[in-house]
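Note sheet for the following structure.
Letters A, B, C and D mark the chains in the order given here, with residues in each chain numbered from 1 onward.
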Amino acid sequence: MVEQGKILINEHVGKDIWRMELKAPWIAQKARPGQFVNVRLTEHTDPLLRRPISLHGIDADNGIICFLYLVVGKGTKIMSELENGDSLDLLGPLGNGFSTAFQGKRAVLIGGGIGSAPLYPLMEMLKAQKKSVTLIYGAKDQDSIVCLDLYKENQAEVIITTEDGSAGEKGFVTAPFEALLRNESVNYVYACGPSAMLRAVEELTLKYGVDGEISTEANMGCGLGVCLSCSTPGRDGKNRKVCTDGPVFKMGELAYE
Amino acid sequence: MSKVKTAVKIGTLTVKNPVTTASGTFGSGLEMREYVDLRKLGAITVKGTTLKSRAGNPLPRCTETPSGTLNSIGLENPGVDVFVADILPQVAAYETPIIVNIAGSEIPEYGRLAEILENEDAVSALEANVSCPNVKSGGMALGTDPDLVYQVTKLVKENTSKPVIVKLSPNVTDIVSIAKAAEEGGADGLNLINSVLGLAIDIEHKRPALGNIVGGLSGPAIKPIALRMVYQTAQAVTIPIIGLGGIVSWQDAIEFLMAGATAVGIGTGNFLDPATTMKVVDGIEKYLEDHGFSDIHEIIGIAWKGQNAGKEGCHVCSE
Amino acid sequence: MSKVKTAVKIGTLTVKNPVTTASGTFGSGLEMREYVDLRKLGAITVKGTTLKSRAGNPLPRCTETPSGTLNSIGLENPGVDVFVADILPQVAAYETPIIVNIAGSEIPEYGRLAEILENEDAVSALEANVSCPNVKSGGMALGTDPDLVYQVTKLVKENTSKPVIVKLSPNVTDIVSIAKAAEEGGADGLNLINSVLGLAIDIEHKRPALGNIVGGLSGPAIKPIALRMVYQTAQAVTIPIIGLGGIVSWQDAIEFLMAGATAVGIGTGNFLDPATTMKVVDGIEKYLEDHGFSDIHEIIGIAWKGQNAGKEGCHVCSE
Amino acid sequence: MVEQGKILINEHVGKDIWRMELKAPWIAQKARPGQFVNVRLTEHTDPLLRRPISLHGIDADNGIICFLYLVVGKGTKIMSELENGDSLDLLGPLGNGFSTAFQGKRAVLIGGGIGSAPLYPLMEMLKAQKKSVTLIYGAKDQDSIVCLDLYKENQAEVIITTEDGSAGEKGFVTAPFEALLRNESVNYVYACGPSAMLRAVEELTLKYGVDGEISTEANMGCGLGVCLSCSTPGRDGKNRKVCTDGPVFKMGELAYE
């Protein structure tokens, strides 16, 4: 569906990070955690393509969705310049979303940088299903850590790592994650972040025999499964479309070169 | 129902309106059902099909350029047998003519593909994509050599009774000579243009932005190139042309029709707005009504047939 | 003064930085004095000059397309004698090397132009524009035939002691073969690309938007095409390339350098922001400093010389 | 000069007609009536080229300039969507402007449609020089007639014609203009509007032997005199650049094909 979302809030929340709330009742009604929206930035032709942005908040009751986004280039810059009341052309919800039907109670969510965006609605859903949630949130530095209140409000355990040690443990998410795997019972793992992080997390889950899912990225042409720009090889030798077969894949499903 | 006649013919195939999709930008059509009424399209042109399945090119396969996109998909597809068995019947249910885009890396493969598809009633026409390098002739694309284009066309024609469209590569010095070669080979129609060979550099990583290095430029950026080729070719051949390249609105489609295209294809435009094809179908009809035309043929080529047509000169030196 | 070395050579001509202007988009330079410090440019490439004055093409000569402009100026210019007498001395006062773009409608004219300009000390190099149709050979542009490009280059070389740059037309199947012909003819450098042949339709008036019908597409829309040609050509020749086509920022210029261009030209970019050349000069220098390079030559061609270079395949079919 | 103008007012004043006031002290200081500004509409590349818009108001003392513009395509549409406080990238002032050093007292200003835009500052200047001014203002219909108060405040005589007769005389500007030429003394004529109108006006001035100037248009590439997109043949066989030799030319200077 193409829906014109109405911007309610567009605020600067961290280093180059913005949070946008939109009234988009149709998408809010349909969306599941892990899905994304393809955002059109202009009625003109530069920038041309839509930009995929994950759902960071889904409030079906109030018809509101939320994005958490990092300004990296011209598309996200345009987003950051929009004002309350402006409308934004949204195509979605797209993609498969996370599944929450795992055995056991304990889920570990791992977010690297802006990759934490889609984990918030997932945490809410897991909490609604009475699962216990630990978030491991890795970032460059203190200023890149945002929206933690949301987790605390929901009684999720939060472990922070930063590359420069300005908040939480110094280092990468893999250290506390391996400690958890070694010392505690973990039933399911969800991860979203840079591909190097996903690879490392995936190796640990395979090593410790824990199941889980990752949400991945690829440059997209269409987001609709028609262009094959996002086609990524799986371990079984078959390609998968990140936009429609993903962006969420089972741990170990994708091949890394 | 409107009284304006929008039906056009490509060989023996009549389509109810001149709007089709650009191969590779609309999947098989099934993926777009949520956004598009497939029955309302003039025809569905499906993703390129090869004899054997292909995994395609390394990622990244797509990058954005000013008003364009560069892609290097590498003809990822399940192969013609899977297409015929699994996909074709589902698309056929929508009763819109299906144009199957075929590609081979050697000339005989085109004949074989035509032969296989000849048995499929659900296939309304074949579109031969001649933009791939011919392995046997040193790697230059098949579509850059009039003789090879003639041969491919002839071979496909010999192996099918269905209308044959030849999809030309724009990466040539003289599009008209290639178009004429296809016409002589027996083509029932031409499709122009395929994407324009381009490249982008990822300056952060100091390497080409695409995994395959070069890619095909598509989208509004190439519209003037496509229009020029349609304008020149339409005056030189008698077979109909499906014009495409950068169409994102009905106004763009009207430009192509006026330049001499008998039908139009929507490619990258589907990515911006998945309902672009529908808007173009409606927009063309409304344009014709509003301007008092009763048949779409009245505007085809009007930019050079009409009163206002001028004389083409050199844009550089006014010779 | 920065410690980074930005000087590059084209034949015997050394320019202090790799930034020049695209012929026809910067006048003689004098018109831009309010916006540009002419002394800060690597070189000024002036509007195309012909033997006799030319009035140019009918209006409209310019129209906008997505991220591009189509123009058909038709080489309006006062002729080489007026240029030499009235304009050249004024531009020379800025002590920046002047590259004179020359064009002829028959091959001998190129020789004559070279001969006339040979006497002018203020002229640092000649740039032969081979994009015009050759009247004698049926109207196809000179620059589409390797033999003719070879002949023109050789003739210009024979008539001048100054470095000779050949400016190639992108409207060809195989840019590398044309580039090699120029190199064999003795060219000291190449300029690529000239504008891409295109057309737009004015749907309101049902005719081509330009008075001349076809025009040259320039601006960001063609950047991927230009980069592809520079990338391919730089690997096939040993002479330096001035890369241009769609540069509007220093980042664009870095793309061209990484693709293998030794210098860059700014054309349509001057229309968006008359100070674009200055920003590109500064931006390149700053980029080099920030990334720890000490000489611009370290990044020229890095996209194919570097570690990250991959293998070029077919963007269509992954052959 | 490139100056970032700050929008003070952007109001809808007539059928598809907008009026914009900007703070742009440098341009306001330099500009003369008849000059124009080349407006950049986006930092992206579509729409690519700047759009030439005449100075409709020049207030050097307060550093304010004004545009009167008709929304006809994507560039002018973008202009109409800008809000107070937004800034606009202005290149100018460009072009030659009107000259006011004619013999005699009586000037007739003829504006066709939006072509009336540059006549207002000209009228002000003529009034400051104690000339008497008659404006003949032709438009499609009543709704396309705007900003007349300005003339009335300045005691200029105003004659209106509309194509549909919904205001003033029904018909074209040429009828009242010829009546004036025939019956009264006219020392100088200024005209700006569609080229058919300019041609008709020019013929009348030649017929009645009155001098004057026209402001003309051409598709522009650069506005700076470097691209020759706007090059227009003169009667003497030499081309003129509308952007730097014009947009104002002497009556009879240009050749019409």
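Operating definition for what follows: a contact is a pair of C-beta atoms (placed from the backbone, for glycine too) under 8 Å apart; a residue touches a chain by one contact, two chains touch by 3 or more.
All values reported here derive from a predicted model rather than from experimental measurement.
Contact count check for A-C and C-D (C-beta pairs in contact): higher for C-D.
As a whole-number value, the distance joining the C-alpha centres of chain A and chain D reads 54 Å.
The centroid of the Cα atoms in chain A and the matching centroid in chain C are 46 Å apart. With centres set at the average Cα position, the gap from chain C to chain D is 37 Å. The distance from the centre of chain B to the centre of chain C, each centre being the mean of the chain's C-alpha atoms, comes to 32 Å. Residue positions of chain D touching 2 or more other chains, listed in rising order: 44-47.
Among the residues of chain C, those touching two or more other chains are numbered 55-56, 58, 66-68, 71, 73, 76, 219-221. Chain contacts in this assembly form a complete graph, since each chain touches every other chain. Remark: chain D residues 1-2, 40, 45-50, 91, 218-233, 239, 244, 257 touch chain C in the complex. For chain A in complex with chain C, the touching residues are 44-46. Listed in rising order, the residues of chain C touching chain D in the complex are 24-27, 31-32, 34-35, 47, 55-56, 58-64, 66-69, 71, 73, 76, 219-221, 248, 268, 270-275. Looking at the complex, you find that chain C touches chain B at residues 48, 50, 54-58, 65-68, 70-76, 103, 105, 129, 131-133, 135, 139-141, 144, 171-174, 194-201, 203, 205-208, 210-217, 219-225, 227-228, 231, 246, 251, 254-255, 258-259, 299, 302-303, 306, 308-319. Within the complex formed with chain A, the chain C residues making contact are 66-67, 220.
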